[in-house]
Amino acid sequence: MTAAESAAREKVYEVDELTRVEGEGSLVLQVRKGKVVEARLKIFEAPRYFEQLVVERTPDEVIDIVARICGICPVAYQMSAVHAFEDCFGVKVDPEVRALRRLLYCGEWIESHALHIYLLHLPDFLGYESAIALAQDDRPAVERGLRMKKVGNEILAILGGRPIHPVSVRVGGFSRAPRRSELEPLRAPLAQALEDAKETVRLVAGLAAPAFEREPRMVALHHPKEYPYNHGHIQSTDGLDLRPSDWDRAFREVQVEGTMALHARTKDGGTYLLGPASRIVLDAEQLHPVAREALAATGMVDAIRTNIYWSILARAVELIHAIAEAIDLIDSYRPPIEARVAWGPRPGVAAWATEAPRGLLFHRYEVDERGRVAHAQIVPPTSQNQGAIEDDLREFAPSVLDLPDDEATLRLEQLIRSYDPCISCATHFLDVRILRD
Amino acid sequence: MAAMAQKADRGRPGEHGHAARGGTPRPRVGVVKLASCDGCQLTILDLEDHLLELSEHFEIVDFPEASSARSNGPYDVLFVEGSVSTPDHLRRIGELRKQARVLVTIGACATSGGIQALRNWADHDAYRAAVYPTPEYVESLARSTPISEHVSVDFELRGCPISPEQLIELLTALVTGRRPQLRDEAVCMECKRRGIVCVMSAQGIACLGQVTQTGCGAICPRMGRGCYGCFGPREQANAAGLARWFQASGERSAEEVGQLFAGFTAYAEPFRSAITDLGGTRGARRSGGGGFIAAGGTGAGRASYLAGTRRMEGIDDDGR
Amino acid sequence: MMTTEITRPERTTTAGRWYLDRAGLDDLVAALAADGRTVIGPTVADGAIVYDEIRASADMPHGVGDVQVAGRYRLTKRDDARVFGYVVGPTSWKRWVFPPTIELNTGRRAGHRVEFAPIRPRPERLAFIGVRACEIAAFGVQDRVLDAGPFRDADYAARRASAFIVAVQCTTAETTCFCTSMGTGPEVESGFDLALTELDEGFLLDVGSPAGQQLVEGPLAKAIRPATPVEVYTAAADVAATRARIGDPLPTAGLHDRLLAQLDNPRWAQIAERCITCGNCTLACPTCFCTSVVQKTDMEGIGATNERSWDSCFSPGFARVAGGSFRSRPRDRYRQWLTHKFGTWWDQFGTAGCVGCGRCITWCPVGIDVREELMAIAPPIALSPEPTRVEPVAASFDDFVVAQVVATRLETADTVTLTLSGADPAFSKGSLGQFAMVSIPGFPPLPISISRFTVDGIELTIRGAGPATRAMCALKVGDQLGLRGPLGNNWPIDRAVGRDLVIVTGGIGLAPLRPVIHALAADRRRFGDVRLYYGARTPADILYREEMERWASRGGIEVHLTVDRAGPEWEGRVGVVTQLFDQAQWEGANAIAFVCGPERMMQATANTLAGRGVTTSRIYVTLERHMECGIGLCGHCQMGRFFVCRDGPVFSLEQLGDTFGREGI
Amino acid sequence: MGDTAALVAALNATWFGSGLPPDAQTRLADMGRLETYPTGTELLTEGEVCEEVGVVIAGRMALRTLVPERGMVTILTIEPGDIWGWSAIVPPYRGTSTVVTIEPVTSVVFEGAALRIALREDPHLAQVLYPRILVAVSRRLAASRLQLLDLFARDATGGS
């Protein structure tokens, strides 16, 4: 097919069921005369009404329930919720509890990033249908990924009872804090994981990524003293600076015209990018020295800023960070005097944003005088990124129009996977109308 | 591991001389989801130490979360995650059943309807309207239901999420062709074996361990809190007896006791009846519903005896 | 007929008795560790005292106590530094001698061949510190089950043989304890290497085995000194007090037969409504031994490991066979457990399966108390809700026998106790609460309560309020009078077995209850808490003052006194008798009450008791009516459907219904 | 003013104070103080102005009255949980008997005037407190009636 022919024709690229993403979604790209007229990432995850399910529940029940929005990043949901409530109720937790929460988040980042890099994303770059297929040819690489994922899961299991939907996060702290001796067995595998993560950075830095440049507005938490998990201010590459409870001063959810989809936009209607690449760009100074060094060695900071395909590298650098910080946290860990401080509910608005592996996750609850939720709003990173994804698709698509359909579709899918979209998270953006010419 | 890695002939069962599998192709395995959080299928990927070994025993033909390779059956073993929650699910589950020789439901959503089944006590339209600005676009059924309400199920793995140990046991049993050994007993048994001090007797924390099926490793009591029943009711669970005790001993109101059962396996009997007997779910009442939709019913079949008639009791504890 | 009498083994400790101060506990732990043993002892974890590995006395609970009732356990802070100031917690030593899960063997298929390899137990050398009497008894029970032949559990035997046992005498008890009933405690008498009794600052140390003796002569020699007689006495007294505190909450006489005769009792179904069949009781029990084997196979399906874990007869799957479970209903499973523990265990192993540690009561999440269930299903004695009537011996109107005054005692200014002998031998068979018709010729015969039964006679306590009673009070040693009786029914003291008893009385009303108190004191441990509330008009009117002090100091009876009026010199309580207990702490749910006094006082008492949860079927009063014949023939004492003399004088309020306290009946 | 928490705890240990709504407890605790009196302290004299009302926490006290020709007579002893000095909130605010400690006594003590004002101005406090005061007083009354009957004076039972 020549360029002229393809330009003349109208073409619809469809990926019925996106694979190696979490949840169910599809992609429709409509091209007319070489121009993309429609780019839409569609979600057909069944609605589960989480914002309603938490109504009338107590804060601790809410923490258990919202974890179920996503099996890959339940901790992120628990963290945004617990900080929202604690902020609203004026609860001050023990510093060791704060450290333990960072360690818990490290576990989730390690697990999620290792999963995404090795099991979901790397096969794209290397031309395999799955990590299992990849393992036939490069078993050590897949085993490396699994090793890191396992240590992330082990951190979660020790702190929270199990890796998926851990049970110990409570308003005021934890239902139980581990003894020092319980964290000991993590040291050796974490040391190994640190080496594995460095190797991962070397591996992914050497991959070939499609040439694609765009400079989206990037948004992430920023904290002067630490790489952001639970604290810091919401900042952006264009100068935003907000408390994590004030997300809705700068952003809002909008209904995409002609559809049911709720996307997040800045108040001026712009799209923005969340996630590892944004964090690396905004928070590079706060990376763990080991991670900073590894990043510098690649010399690819700019590539991360401008080419979303390099989010895999950003993720790998964060993997080093999370592992290195986990080691430090374990070294300096002392069990809190009180695993959970006593608290009482206050009516008001409980809002907070934390950094899920995929980016900023915002929760907002209206709490009544009995401490029960009256209204809830949950804005997951994927629904915030969706605008940026579609922008990217529109811009990137012309470059693949000359490729055979299979390959073109693969490139588009790979682009979507670069965002690590978590579709089951996206509980309330939903597009059921399929526009076809 | 190294020895296994040599097995390049992926279509073959290997040379272990296992009579049952000798000469036959690897079983074709599918993993699909309906309404769920993906956590149970993630548990398969979390079998880090066994994942590659597994792929030698099974041919994974459908696992969208992990592989771009697609098939639409047939399956020797099909793992289904999630509850039946949309008209499309209704259609798909029937087709999937036809394609599957052995159908295994994994997790609380698939085995009991999941947390989203709390809407079964509520007014579905009110729920839809509360979350979505233009609810008429949203295709969802009034009730979220377990797979077994629609098609026959060969095995079920409980839990929110499922236990990796039980998953391995099931897979191993499928490989060997024996019956999986999954205990049907109270979480308490696991607590006691592990030497965990009972949080209910020693701290007065409400715990559903006694009526909940084991398998999780008693993680909640181990973590200093009460079991919230995510593995669902065990055989002959005396939920009514426990509910009476909670009310009599703990000075908890019927409503609060109902909330204890209104969790991730709320729609599984006898938890379902316990919740209904104790007045339905709080959230449902707040949203203007409060009725309970009779089994098999649509919106029209909703029993009205609770709807709007029950005022919320003024309970003011909940520092928990 | 199965006997459930438990004979206590002879005390084997003959070696010297030593004193170890509290700091010496570290020497003990160190000595055991130096002997290559892992030391297991009590330690605080997750809101309870559990048994776990300890490295020093600092790991043990200092100044920690516990409170246990059915379904509830809480730690408390003691106001001393005792290390063993609590009773048994959730862990039992079974965890170490019969672990929750062990691997039994492995099997493997290799081509057409199969091979098996047993996993031989190589138990580490253990030392247990803080083993209570009931727990030593539990070892004994498990020994009979697992290590007494004809087949033995080698793993258990090896672990059991390797353990060094440091026992502790109980100097405290909780409401859930009933070792006294099961004959297993609280005294540790054998089956240990060393035994400690905790004193204020240290321990009395007894040696129970050559291994213990070695420790005492070797590494512990410097940490100990011979115990002083005061220490030995105090230790014994503290343990005796523990026994008194526990009482005898579960009368076991004939329990085996009584229980097995009740397989169809409707109560089983009632329990099943409350019982969650969670199995906590069986796994908390130190003697339950049921297990199941699960085979773990590798993914190839050719290698397998057999793993044995604790199981429970409460889990439906435990009794499953092809075609279903043969104990399919929860009630079947509860019955299985209870009848095994207290019934068929005797037939199989010659002992009860229960040692009275109370764990199944405390750790039942819904607070089911086996003692209560056993009492309901297989009540200890054929109880009639009404007092039993004793056939009067001297039955006719005028059949007086002559008795002689052998002693007199002035109780108060107007009250005298006469000791009589030579009376009809029938009197020695009399029963608590009965009365006699007493006659001095010239005066009308009067009914007088018997205030004591002596070897060959009785005592009567009489207040000189009228001519006849004044004449009786004036009798001297050697004088004679006529007696007819004993008459009437008795206080239903058998109903009070295993219960708390509340005695409320005023004025001379104490006299008919005095024999009850004597009987209680003589067999004190068969009863729960016994409280006597007594009101008198003035301090000078208090009866049996010296005796009362003895009841309080040695009889294990709480005595509370009050008077209606007093001068400033009286420092005791002033007020009516009900005020003594209308703010007391005790619960009436398990109590039975005997009340005697003026009818208005009994009414007020009954109201207050009812307010504390003592139901009318458990409140007994003794009524006063004019009596002449004492045998129901003269009609004077008729009250509603009763003759007080013949059907009473003791009645439950339930029996009396609304006739009690009603004017004009 | 004493330590509120200690006072709440002390009140909670009595039937009179336990189970009161927390705000009422706090209110009371704010007004009260914890006092300890040695044996023999006369807290209130019959016929004189009664300025304080208290709840006994530990120890016992005697209520005495002067009877011509018989001297001081103890008519009642009161114990932990009992209240004393309730005349301080009932006109004419004069003691109906003399209150003397017969053991070392710990008591929560309120200024009668302050309590009166609080009960007048805080209907919520009054609503929860008056029933308890009424119970205390009616118990006292019921007991006094029984005492008045002098039941044992004519009681000549040797039993039946």
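Letters A, B, C and D mark the chains in the order given here, with residues in each chain numbered from 1 onward.
The definition used in the following text is that contacts are C-beta pairs under 8 Å (C-beta built on N, C-alpha and C of every residue); 3 or more make two chains touch, one makes a residue touch a chain.
The structure displayed is predicted, hence computed values, not measured ones.
The most central chain, judged by the distance from its Cα centroid to the centroid of all protein Cα atoms shown, is B. Of the two chain pairs shown, A-B and B-C, the one joined by more C-beta contacts is A-B. One finds 25 Å separating the Cα centroids of subunit A and subunit B.
A straight line joining the Cα centres of subunit B and subunit C is 48 Å long. Centroids of subunit B and subunit D (each the mean of its C-alpha atoms) stand 61 Å apart. Computed from the mean C-alpha positions, the centre of subunit A lies at a distance of 67 Å from the centre of subunit D. Residue numbers of subunit A whose C-beta contacts span two or more other chains: none are found. Under the contact definition stated at the top, not a single residue of subunit D touches 2 or more other chains. Contact of a single residue of subunit C with at least two other chains is seen at no position. Under the stated contact rule, the graph of chain-to-chain touches is a line, running from one end chain to the other without closing. Which chains touch which is summed up as A-B, B-C, C-D.
The part of subunit C that touches subunit D in the complex is made up of residues 433, 435, 446-451, 460-463, 465-466, 469, 488, 506-509, 511-512, 535-537, 541, 562, 564-568, 570-576, 578-579, 582-583, 596-598, 600-601, 604, 622-625, 627, 644-645, 648-649. Across the complex, subunit B meets subunit C through its residues 16-18, 20, 50, 53-54, 57, 168-169, 171-173, 175-178, 181, 183-186, 188-189, 192-204, 207, 209-211, 224, 235-238, 240-242, 244-245, 249.
Listed in rising order, the residues of subunit D touching subunit C in the complex are 15, 60, 62, 64, 70-77, 79-82, 100, 102-103, 139, 142-143, 146-147, 149-160.
By the touch criterion given at the top, residues 45-48, 50, 52, 71-74, 90-91, 95, 100-101, 111, 272-280, 283-284, 294-302, 309-312, 315-317, 330, 362-367 of subunit C touch subunit B in their complex.
Across the interface of their complex, subunit A is touched by residues 5, 8, 10, 33-43, 45-46, 48-49, 51-52, 55, 60, 63-70, 82, 85-86, 88-89, 114-116, 118-119, 122, 127-128, 130-134, 137-140, 144, 160-161, 216-217, 219-220, 222-225, 228, 230, 259, 263-264, 281-283, 285-287, 315-316, 318-320 of subunit B.
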